[in-house]
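The structures come next, written out as structure tokens.
Below, chain A partners chain B and then partners chain C, in two separate complexes.
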Partner chain A sequence: MWNKVLVLLFCAVFAAAGRYYNESLDLKPLPRNKLLASFQFNVESLPFDLKYYDTSAELQGNHHYTYFPRALGPIIESTNTRELHLRFTQGWWDSESWGRLPSSGFQSGGTGVEVSALIEARDVQTAKANWFKLTKTLSGFFCASLNFIDDSITTFPKHAASSQNHTNYSSQPKNKLFFIRAALPSEPICTENLTPFLKLLPTRGKSGVSSLLDGHKVFDSLWHGMSIDVRTDCDSKTCSLKMLQSVNQVVDIIRSKRKKEEGGLPKPTPGNKLRCDDTKTFNAWQCFPLSDPTNLEWSLETIYGRRIIGPAFADDPESTVINVDTEPSTWKVGLSKNRGDVTESYHISGPKKNHISEYLREQVKYDFQFETSNSSVVNPIKAPPLYVTRSLTGYSQDKGGLRVTFTNPSDEETVDFVYFESLPWFMRLYLHTLTVEVKKDGEIISNAIDTSYIKDRFYKPAVDRKRPSHLELSISIPPKSSLTLTYQFDKSLLLYHEYPPDANHGFAIEPAVVTIFDKDGNDIYEARTTSLLLTLPTPDFSMPYNVIILTCTVMSLAFGTIFNLLIKKVITEEEMEEITKSSKINIAVAKIKSRVQQLKALIKPKKE
Partner chain B sequence: MSKLKQVLILGGLVRFVIPTVLPQIVSILSSINEISTPVNSFKSLQEAFYYLRHNINLYDGGVNHNPPLLVVLLSLFDDFLPQPLSAIAFNLIYTLIDLYITTILLKLNKWYNEHNSKRLKKELTGFNDDLIASFYLFNPLIILTNLSHSTSVFTFLFITESLNQLLIRKNVWRSMIALGLATYLSFSPVFLVFPILALAKTALFKKDAKEIYFEGGAIFISTLGLLFLCSFATTASFQFLDSCYGTIIMFNKISPNLGLWWYIFTEMFQFFTPFYIGIFNLYSSIFILPLTLRLYEFKTTAPVGDSFLAVVLSYIWISFTKSYPTVGDLAFGLSLLPIFKATVFPYCKFTFIYGLTLLVCLFLSPIFYYCWIVLGNGNSNFFYSINLIWGAVHIFIIMDLLWGKLTYDYIVENKIPEGDREKLRLTQI
Partner chain C sequence: MPQTVLNDGSLNSRDPVQTTIQTVRRIIVFIVLLLVVGFGYPVFFFTTSIYRADLPVDEINEFSQFLKQKIHYKIPVYLDIPSTIQYSTTEAQSHLNEALSKAYPEFADFWTIDLIEGAKDIDPKEEYVVRFEYVPKTSENESPQEAIEISPHSKESKLFITDAINKGTLVGHFLSSVLIDMIFKEELADLSAVLAGKQSSADKNIVLPYSANYNLVFSLFVENGRSIDWQIDQSIRQFQPILDKLSHFANFSISTQVQYYSKLSKDLTFNESRGAYILQESDLATFINFGDWNLDTHDMNPSINFIIYFPESNYESKPWFIENIDSNAFLVKQWGGVYIFNKDRPVLNDSKVSLVESELNPIMETFASQLFQLLGLPSFPKSPYMRIDSLSRITLLKNLKKSLDNLRSLVKLTESLDEISIPELTKEHVLESLSFIKNALIKLDVSQDYHAAMTLSAQALKNSDRAFFEKEMVQQAYFPSEHRLAVFLPLLGPVGSILTIALLKLLMDLKSSRKSKKKTE
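On to the complex of A and B.
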């Protein structure tokens, strides 16, 4: 009897599993033999009664998270974090040829690590305390330098609060929601960040699409981004935590193939394998290389070195789905299932099938094979709504400038967006030098600071060592135009101990965030500029002792001279000689001299 | 046209026409570290105007260190005049200030010679007016400071105005109000209160000494108090105290300048910093009272001492030890020296040497800075070495003036006849 009940209970839990966990892998070939792979993992906790935790109250650890990671849940609850966004990104997204960022850019951070959170608190101090507690814990959890987040890089974004309006959570009375953000642009992303990321998944990276993820392969890409988004979703009574984890990467297929065939170390191509241009001079000594081949054959195993081990959960037929976006006229997609020693393959692509969805249902090893006659023909790339570039100007180490250019590629639509930039305190911004230049078809149509382009601005200046500068500009650009902002800053000299070990390498400046809004004020796209490398003036690091000595010498020289002049009496040199003659020492010296003379006189007669 | 008028017109034209014709010169000069510092640069003043226009708290940031009343008053020109006109208005203001300072220097020169002629019962003739005016108006360092629109020009104005009120108008109250304003603008003139009060006793010999000191001190403190309250009223917080004066006292805006201290704090182990901040603050005030007392014009003795010289020496000492020195600070002190032509100056032996040292300093400082910051083929030690020499120039000047004064006092006290003065060889014990 009890057995039956238990079996029924288990069945009930597993039936609900589909609701609480699903994962997908989207594969999209890009031009020039690149592949965009995006892994998405959705996890949801059981509904529970959300409480506001005071610092004094003990955290009650009595509820069940099911698929939601047990490691993350208590951290989020004890710091009253209602939303958490964590981004690890490296590389450069080439929006000119790859188009829009995956998920409209909401999962992609700027270079380095970026973390933002929506924290419920009574006041700013409590919110900050919780924020630092959160980042310090996450630091240990993800092996990232998040513990270096302090007041000097923390900002409270106003408009550009990415995905702030996505949550339907409203705070308890008396409490407020604080959106806090910080970024560490110089943080490298590597395997030690991926391992804890996989550990958060209920599959632990052992089955489903996550079984493909291997540090060596994920980080060997042109651009990659890992993201973790936790949201609190509430209905009238209970709340649940929803987590979306994602890994997006752009893989160079040619490179992956070469590594698979030749191993990790690149070798010189042997003569018979050189791809030469026949139309040009071509003999044993001369070869004009052709560009990469376009008829390719590769599979997921080529790229990841592994196959997908079954679905995430064998009993949930819809937990794992693979989506492939290819152009059917030139691409053929095959699926192979490996059961121990039997391999079964068949084509899943068909004519006019731009989008293929395939659920993994069997407990076998899956592999997807791609065969293309012309890899440069891919599904159309959608251009992003806005291009943005940011660069440093100036050449000296004591001052410089920033130049940001926004280009609206659209023919008809005006783009409204918010430009968010937080710069470290050692860049002393002079916003009165801000100039705006609007160009259309290469002609300057306006260079005045005009409210028709910059609608609104929010600026909070930096405080030395305590706060970064925080600039938000609400800008609107007419179609087919570009807008350029320039402004100047001074660079501060830091203290000896504030310089990092390689001070002359420069300081990474965090990417600026552009959030694009539609006409109703909803954010529809998010993009980031690249990070910048700023060189600061450096002192000579070998000098501390010498500086103290030399400065103090000059100071005591001044003191001694003036002190003497002020307190001593002025006399002539003749008087001085007189006085010295009658001084005690001189009398004593004279006595000794006369005594010596006497002694000499005594000795000399004896010799004669 | 008299020579004086020619000098004044030419000096005025240089200050007005150059920045009007070449407006970018102001921004270029205001970012040269020898001429303006983060504390007094026109750049940060303009940034403060920007904050005011956009309703940003003036002192909630690390750029503006100018006191609120100055910012608010000057921003009126910026707000009510359209762009090119407001720049011209500033050129005009700065030109007029320098011309006004010159006219006061002329009066001070006249007063000094009359005063000392009376004391020594002998006719003293100083430099002509046109020369005194040219020493100030054509001093390249003063011109550069003026063209950079550095706010220390206002400090110079109020220091000279304080002397003007005291010595020419014979009014201690107004003198102390002017000094209060100077202190309000840049803190370091606070030390001048002692030598100027001592000078007040000399200038107003009829009044009781205690009365002068008491009244003067009280007026000075209440002026400052009033200014702080007004500033509090305009900004609704006392944050400006930390931003304007805390920065000066705590030496925390570290950027390369001519002072001795920036490099020591950059290189210092954090542990020692508070100790050295204390030392530097003590050091900058240590010789004010001794100088004042040593050069005090006591009634009882022979006509020795020179309270006016005490003011000038104290000023040069402040320029040596202040936290954000510029070339303008020393140049202003040097422009006061021609006044002593008939008394101390003939006994200064090393003018040539320190004149050359000063020139070398002025030539090498920008070169070394450029090598360090732009070319990267020199390092900070090059520039720092010039800081040390810049300090040495100050020591030379103070030492030479003081020794000149002591020699002169010896001559006056012992009534050495004109012919023997050349042969006189003095020493100290």
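On to the complex of A and C.
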């Protein structure tokens, strides 16, 4: 989902410059010594003739790629993908202290991997075939488990996607556009996903701001998200693919500093470096530690361990720009240029007081230095338009519930949004158990499913192993109120082979998506809940073998007993003795006994 | 109670009640045994068996054994003979056959040339045409030499006949030697190598495995980050006619890319005396930086890569040369070709470099010849029409042989591993592959259309590959039978031991009762 403002911005950037590549790095200090770093890379392909490919057809004609990656182009064209959105996110965004998500949340996915695409096709089957082809190829490309995307987790969002097609691409007359989405919440994000991401860039991480990106540093953050968005833009004659890649991360500066100074292993602070609270008892044995220091000095090298190597392309002076958002009263920003053995540094400031914008033009190594007397004073944090929390309720093995609370922090404005949730088929949802509770200032003002709060509902129930349940609610919340939804579900047993190797760990449930619309129906903000960990009734996996073995034993016991009863005769003890008397063994035993008796008789007289 | 002893048959053998009871017991043991062997064992075997589809083993063996006998290449050669030349087609044909069977005795009925008189309405681009021309004596002293001219633009050749051979059967001799030793020489050599299971002369590991579709990727790798404008679109249009000629052989899809910041894995040293950077021949193997340069194509079809490398030193007018190679281009086996570009004129530091069509065209010619090498085209004769024709015939044989080899290996594998399952899908692929092989042979026999036959043979190869690498089959390759036995041991063990003991006892009983019978008699 794309913010129109953002789209307009891209269009403006591309149109004004007429170039095919540019990149930017936005740095924004957050309270409590955190830093939001946001890398943006824009690539545009050469204009080409857009064709519709039938599933069997090979790519035809010549395809030229300059800045746009050739690795991705053919995949997108051959599957008739008109828009592609890929999100790799990990961590928890603390919206109470960090405010709104970067780019109004349109670049941030939920925990794990999320992929959605707008596919042009004749019918649903063709669209699905192309979708699976797309995800399988992307899986190989990004080393992610996207190949596990199948019918059971694929959804076709309805309302949440109404504003999806921002490029206003119109399909060929016989075709339709299908918006398809899937998420893998348990997918870990790591270096092997970043490497192919960097390979898509025309600089391949060798120059420009992407030279800062290093797996060890990017993923050593409180929250990070990578995103790739490809859109098809057409004018009357030709089309071109526009790609926006981004890496957003929240870095803990104290941690980065400590790692730089002391190395990766945390060590206890030596006594002379302890920061103690002077107002409390404080001597050689007692120390009430203060919170983190607020007068800090750090640079990009502290965080990333390297410097920016020149602009992305030396002959394009506006290809690389760095934006810094700081409060000028407490922050000083310095720029240092390293030309081999000479380093030149100076303070920089922007025309607007709290915003600095600096183009990198020279082929030197850049570093940005930050010096602050009070790091807790930062540019004002804007609160998000809505807070959402979602949690599992219930404790039994066979059923559970979901509880979602939306809070509108605004004093005046009503918030309209669409809540999108896709749950796996093994959560059997009972929508009749849906309850709504609206609270204002701690008092319940309504608990009926009222059309003034829930304006529209869309629900597609799950089909076992074929389709997830798909719920979309269009909700409106008055100012200073909160709305709580609860609904119940049954946990179902899976087939033996459907359990993953670590079944007792639980099953990750994908985050729900909240898309907020303004009064004109444009999407203005997007946020996701956290993912959930659902424990299903898990069998003992040695059970089938135990059952086979036990059944076999019982069967053979029964067989043995009956068989012996049939073929053997029951006799009395006397009869038994009678028989044994005349048996060969008994005769032999009797002989030995008599011999022993004879020997004893021989020994006894000697003793006497 | 009668005095009965179970073990001792002699005591009660005369008691009629005891005898019937004993018979009943024996019958029970017998019935249970019968049930276990006749019903239990088949049920156990059937429920725990692995599915093995029936493969057409005999058919595969027959095909792979008699492949040569099933292929009949019959190449028509149209002759245009002026009446001044003394010549008889039947004689020439028999000569030709003789010469062929002498040179390649194994080719009998497999590869023949069909001489046909009259070449008026024949398009020399489609069919082989030989034109004879009589060269009369110009003067007494100087007699002209016989000569051959093979057209580089069609499948036509010209023979110049002089008086010296224009008598008897000499013209026929001349024709057969031209056909066997020149026009079809490389093809014959390659075919015989393939039949013998050796590498053909053109091969030497250079040739890519055959596929019906190839991706051609032209890449410009720039050492630094200064943008370059290359007019590849026009140059590729120059390339298109070559691909059109190859369209019978395979389809090609073209893409191009520019990649910046592409450094070599090793720095070059500047050679002062030659004023250039010298790339040693030993460095060519590691020239391509596979890890760093974006060369992957996410596609099923194989890619042929052609790289133009643009060194940074072009800005300083310092060229790059490859030691001992003048063309500045080299071939990477089974992969593609590389050309190192040196700009002729010095580049001004601020201007944008562009590679124009006139600079790219010679490079494209180099790439075209590299492409022919990579596809395995015979190097002689010059005419691409003849070469592509020969290539189709060689590839057809190669594909058929390879797919039958695949199927044979599959049969061998299934025969040697009793525990491997053969899914229905494998069987389907095998059958499909066989039907493609049959169709290819029919196509060849009926219409001598080797291009169509080759396409079919490629399908056969694809299906045989699929059959061999069927996922389900490979997955269960090592499912041991001991597991099955171990799980069912609690059932099989006790039941088996009880039955065995009962059987032993029964046999002993029978023995002793027979003995006692004899005694009483």
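Quick notes on this one:
Everything that follows uses one rule, which is that the second predicted complex is superposed on the first by the 522 of 608 C-alpha atoms of A that agree within 3 Å, B and C clash if a C-alpha of one lies under 4 Å from a C-alpha of the other, contacts with A are read in each partner's own complex, and residues count from 1 in each chain.
To be clear about the criterion, a contact is a pair of C-beta atoms (placed from the backbone, for glycine too) under 8 Å apart; a residue touches a chain by one contact, two chains touch by 3 or more.
What you see is a predicted model; the values in this text were computed from it and never measured.
When the two structures are aligned on the shared chain, A:T66 is found in touch with chain C, with no touch to chain B. After overlaying the two complexes on the shared chain, residue contacts for A:L566 are found with chain B and with chain C alike.
Contacts of A:I445 after superposition on the shared chain: neither chain B nor chain C is touched. With both structures placed on the common chain, the touch criterion links A:I579 to chain B and to chain C. By the touch criterion defined above, A:D315 lies against chain C but remains apart from chain B after alignment on the C-alpha atoms of chain A. By the touch criterion stated above, A:A590 is placed in contact with neither chain B nor chain C.
Look at A:Y459: by the touch rule set out above, it reaches chain B but stays clear of chain C. Looking at the shared chain after the overlay, A:L431 reaches chain B, while chain C stays out of its contact range. When the two complexes are overlaid on their common chain A, residue A:M555 makes contact with chain B and with chain C alike. 548, 550-551, 555, 557, 559, 563-564, 566, 568-569, 571, 579 are the residues of chain A that lie in the contact sets of both chain B and chain C, per the superposition on chain A.
Per the touch definition, chain A reaches chain C in the complex via residues 58-67, 69-71, 73-75, 137, 140-141, 199, 202-204, 206-207, 310, 312-316, 545, 548-553, 555-557, 559-560, 563-564, 566-569, 571, 575, 578-579, 582-583.
Residues 1, 3-8, 21, 25, 28-29, 32, 213, 217, 224-227, 232-233, 236, 251, 253-261, 292, 294, 296-299, 301, 352, 487-495, 498-499, 502 of chain C are the ones that touch chain A when the two sit in their complex. Chain B meets chain A in the complex at residues 31, 33, 38, 43-44, 46-47, 49-51, 54, 56, 60-63, 252-256, 260-270, 283, 286-287, 290-291, 294, 320, 372-374, 376, 379-381, 384, 388, 391-392, 394-395, 398-399, 402-403, 406-407, 409-410, 424-429. Interface of chain A with chain B (complex): residues 395-399, 425, 428-432, 457, 459-464, 469, 490, 492-497, 537-540, 543-544, 547-548, 550-551, 554-555, 557-559, 561-566, 568-574, 576, 579.
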